[in-house]
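In what follows, structures are represented as structure tokens.
Here come two complexes built around subunit A, the first alongside subunit B, the second alongside subunit C.
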Partner chain A sequence: MVQGATHIRQDKICQDALLLCENGNASDGQVFSIACVADGHGSDRCPFSDQGAKAAVLVATDILKDLLMNPDPKEMLAAQKDIRLPRQIEARWKETVHKMYLEQEVETPDDMPPFSYELYGSTLLALAAASGFIFALQIGDGDIVAIEPDGLARWLLPPCDHAGNETESLCMDECWKYIRTQLIPIDGESPVPLMFLLSTDGYANSFVESAGFLKVGADIYRMWREHGRDYVQENLPAWLSQTTTDGSGDDIAVAILAKEG
Partner chain B sequence: MLYALKDGTKLLSKHRMTYTVKRFIASGGQGEVYEVDDKKGQAYALKWYYPHAATPYQQKLIERLIERGAPDPCFLWPLDIIASPQKGEKAFGYVMRLRTPTYKSIVDLMKRRAEPTFSALCMAAINLADGYQSLHSQGLCYRDISFGNLFFNPADGEVLICDNDNVTVNQDTESGTYGTPRFMAPEIITLNKSPSTETDLYSMAVLLFYMFVLHHPLEGAIEANIKCFDAKAMEKIYGHDPIFIYDPKNDKNRPIPGYQDNAIIFWHMYPPYLREMFTRAFTDGLRNGNARIVEKEWKDAFVRLRNSILYCHGCGAENFFNKKPTCWKCRANITPPPRLNLGRQLLMLNHNSAVFAHHLHENFDFSTRVGKVSQHPQDPKRWGLTNESKDSWTYTKTSGDTAIIEPGKTAPLATGAKINFGPIEGTIE
Partner chain C sequence: MSERNLPGGEMSSRKLDFFWIADCSGSMDGEKIQTLNYAIRQTIPDMRKEADANPNADILVRAVKFSDGAAWHVAGATPIDQFNWTDLSAGGVTAMGMALELVAGELRQLPGDTKRLPPVLVLLTDGQPTDDFKGGLDALLATPWGKKAVRIAIAIGKDTDTNVLEQFTGNKELVLEAKNPQLLVKFIKWASTVVKNVSAPMAGADAVDTAAIPVVTADDDEIW
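This part shows the complex of A and B:
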């Protein structure tokens, strides 16, 4: 995760958040990995959106973890992905940021704006990979991309099509209606994607065309394959810093899930 | 697995047709769906099974369904079968009609991405029940009625029923399809019973409840208070201990305001007869398969609901007729429009109402229009019923005088007057 070039110039803190969670202990339940990124809106109307983004990744990870610990998580997700899960994410995120507001420590309480969810507005992208399926969830801008065995990168969920900086957000009324989900069964006999990449919109917005962004996803996979995970992990912050400086100027959070070996 | 078939792949079907893969559409539990073109450029959908689902049993099932043909045009039925072009690969798929984007899902309805009128929603319910009635009358069972396989056109209520590849003969025990959680009948969950037309009726009632109340009939306070909604919790709510949210004898599971508002708002909007039917479906019908509401009852109820739609003069909202109608939206009192009393049917004569073949023959034909409410061209205050049929009507005034209403002519909407349509006579109230 890197702070956006514009945010550094304007002395704004990073509004993105990222959280990874792995459960590799099969005796403890299911083997799974969860990656979440969120992009706090960062505008004047959303002064605490960095906290909203942190709340988003925490809430999503927590809820998904509970679901994935079930004996049949694929069936649970299939039953809950359209309505119950999105509603649960909305309710828990709103409950969390409201609590954050009540506990907010400020130097001059009079300057504290009255509570609204917008103060904490954020997007959310989550990906869970487990035995037998992949599950993606998204509200607002950002990209969840799969690098397939043919080396090409494709979106798991179609990208949002909004004008300007408009984006769907967790702070919206009945935001669960805008949470998009995709459950993809993985069959043991079939080729599976080699890597998944989740990124906040600062990344894709740094490219003039979406093809350029997708190519970068494929390039990262190539680096991973040729030089290994540590090399990518070490160099990714520098690549992202360069990308935001040359491109959107926005914060960038990137999470990568890939099968090793 | 993602994208088993690449764009441009050419596939040869069992019926010796060549299809070209145009694009990936979506993936589901059993496979992926692609848009394909035949040689003439006609677009179809191709469902391509994941290897684990591409079993000889499934292939045989599809072949039988193709042979049998669709029970009703609303089913996106398998038309042709395609084996994998790769030698030795057991993959296969089947071709069906392509669903256009005008058709929306129940999830779209829930998320307000589709906002049909109540009239269109009633038509969707009638068409849905009609489709399943045709299927069941052929001794078939759908096995997996749920959110995911019904689509409707919000403009007119036309429906499309997808994922027909699990259809079997009633009470087949060979199939591994048991349904979708939350839509499965309790006895499938608790007694491991095989899906049947009876369990289909339960799932259909859940789907209808979702369409009209935008909520699950068993998700009330009990569901709201569960923190960890795991498999055990689901088995309890939908299987071992199901309680209808408006069970008149058990108030433990009422919907919670602020969390389950759709249920509270919509439930009270509907007339008592419809609420009573849903109550029956989710109380007696929960445990007793014989007590479930059959398709014809649903069709009659939704025709009655559709006939009773009237509009609020203040806010324009659709409401349902009763003795003292008050708008559910703006709370204004509504003056009902004239009504056509056809004995067993009472049709509101709104500015946009029409008389269909069904109103005369009770045959659920809402595609043949025989009359429509129209405004007098010179005097907008005068309304009438224009004869759009091929037959003449006999109009009897309250004085007893009669007049013939030829096709194309209009009968005035005068209280007490009677119109003899041929098969049936109606009175204007």
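This part shows the complex of A and C:
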């Protein structure tokens, strides 16, 4: 995750958040990985959106972890992904940011604007990979991309097509209705993607064309395969810093999930 | 990989389209048009400075003039570092609707991608439209970018139809009444600074800092 070039110039903190969670111990439940990124809106009307983004990744990770620890998580996700899970994310995020506000109010009562969820406005992207399925969830802009066995990248969820900085947000009324989800069974019939990349919109907005952004996924996968995970991990911050400088100027958070071996 | 050995394809900063829409009708003749020309020219160095301070946003300027009809004064998206202002002269009636139609046509051509920043439209007028204003406004607001644009109106003098301008801006606060040359200069300068707010990575079309609009005081004599 890197602070945007414009945010550095304007002395604004990074508004993105990122959280990874792995459970490799099959004895206490399922083996799974969860990756979440979030993009706090960062506008004047959302002064605490960095905290809203942190709350978003924490809430999503917690909820998904609970679901994945169940004996049959795929079935549970299939049953809950359209209504119950999105509602739960909305309720828990709103409860969390309200609690944050009340705590801040005690500490700095004179500096606090009247409460609204918008103060903490954020997007959220999450991906869970477990045995037998992949689950993706998204509200607002940003990208979840899968790199297929042929080395090409495609979106797992269709990208947001709002022009001019507009985005759906966790702070909206009934935001659960805007949470998009996708459950992909891995059943041996269709090819399994080799890598997933989640990123906040500062990454895709840095490219002239969408194809240029999709190429990021393909290029990173190739480097992972040729030079290994450590190489990608070591170089990623520098790549992102250069990308925000040459491109959007926005913060960029990226999470990568890949099949080892 | 890009030329700089980074993952992905060709990169670019985000585009911000800025439109001056200037009334050149006969009633603008004299001090009004002279002040407008002077003030817009004065904004250029500041807008260039802003562009230098934020290399992640490319400010592209265009200008439309309207009187008996409407025409491009600066046609094509001109990067602010190449933008120059040629003085306008006044004469004719107030075809404001045609001017908005012309801008709508240009906005329709812009790619509707998430990378572009909301356009900024600044309408300067001292009168009332003499043509189909509503048709022009409807055409403008029917374009995705017209709807999302930051729309500011500067009313020059006391004969302007501010109701019409409120329809254009969709926000009473963004109709600025310049009743003398000093205020006109201040408002034009302020309108040009809106690019700073709009070019922030996550700022929307509502990002305009209305608190920074120059305040009209009791000392501001009504000259026009």
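The working rule: the second predicted complex is superposed on the first by the 254 of 261 C-alpha atoms of A that agree within 3 Å, B and C clash if a C-alpha of one lies under 4 Å from a C-alpha of the other, contacts with A are read in each partner's own complex, and residues count from 1 in each chain.
Here is the rule we use: a residue touches a chain if its C-beta (ideal position, glycine included) is under 8 Å from a C-beta of that chain, and two chains touch if they have at least 3 such contacts.
All of these numbers come straight from a predicted model, not from anything done at the bench.
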| item | value |
| --- | --- |
| Contacts of A:Asp173 with subunit B and subunit C, given as first, second, both or neither | neither |
| Which of subunit B and subunit C A:Ala78 touches, first, second, both or neither | first |
| First (subunit B), second (subunit C), both or neither touched by A:Asp141 | second |
| When both partners are placed on the shared chain, which of subunit B and subunit C touches more of subunit A | C |
| Touched partner set for A:Pro193, first subunit B, second subunit C, both or neither | first |
| First, second, both or neither for A:Ala211, with subunit B first and subunit C second | second |
| Subunit B versus subunit C as contact partner of A:Asp246, first or second or both or neither | second |
| Subunit B versus subunit C as contact partner of A:Glu103, first or second or both or neither | neither |
| Touch list for subunit B against partner subunit A, complex | 1-4, 27-30, 50-53, 107, 110-113, 147, 180-182, 228-231, 234, 259 |
| Footprint of subunit A on subunit C - complex, ascending | 1, 4, 6-14, 53-57, 112-118, 144-145, 148, 199-207, 209 |
| Residues of subunit A touching subunit B in the complex | 66-67, 70-72, 75-76, 78-80, 82-84, 88, 91, 146, 148, 154, 177-178, 182, 184-193 |
| Subunit C-touching residues of subunit A, taken from the complex the two chains share | 4-7, 9-10, 15, 39, 41-46, 141, 159-166, 201-202, 204-209, 211-213, 215-216, 219-220, 223, 239, 242-251 |
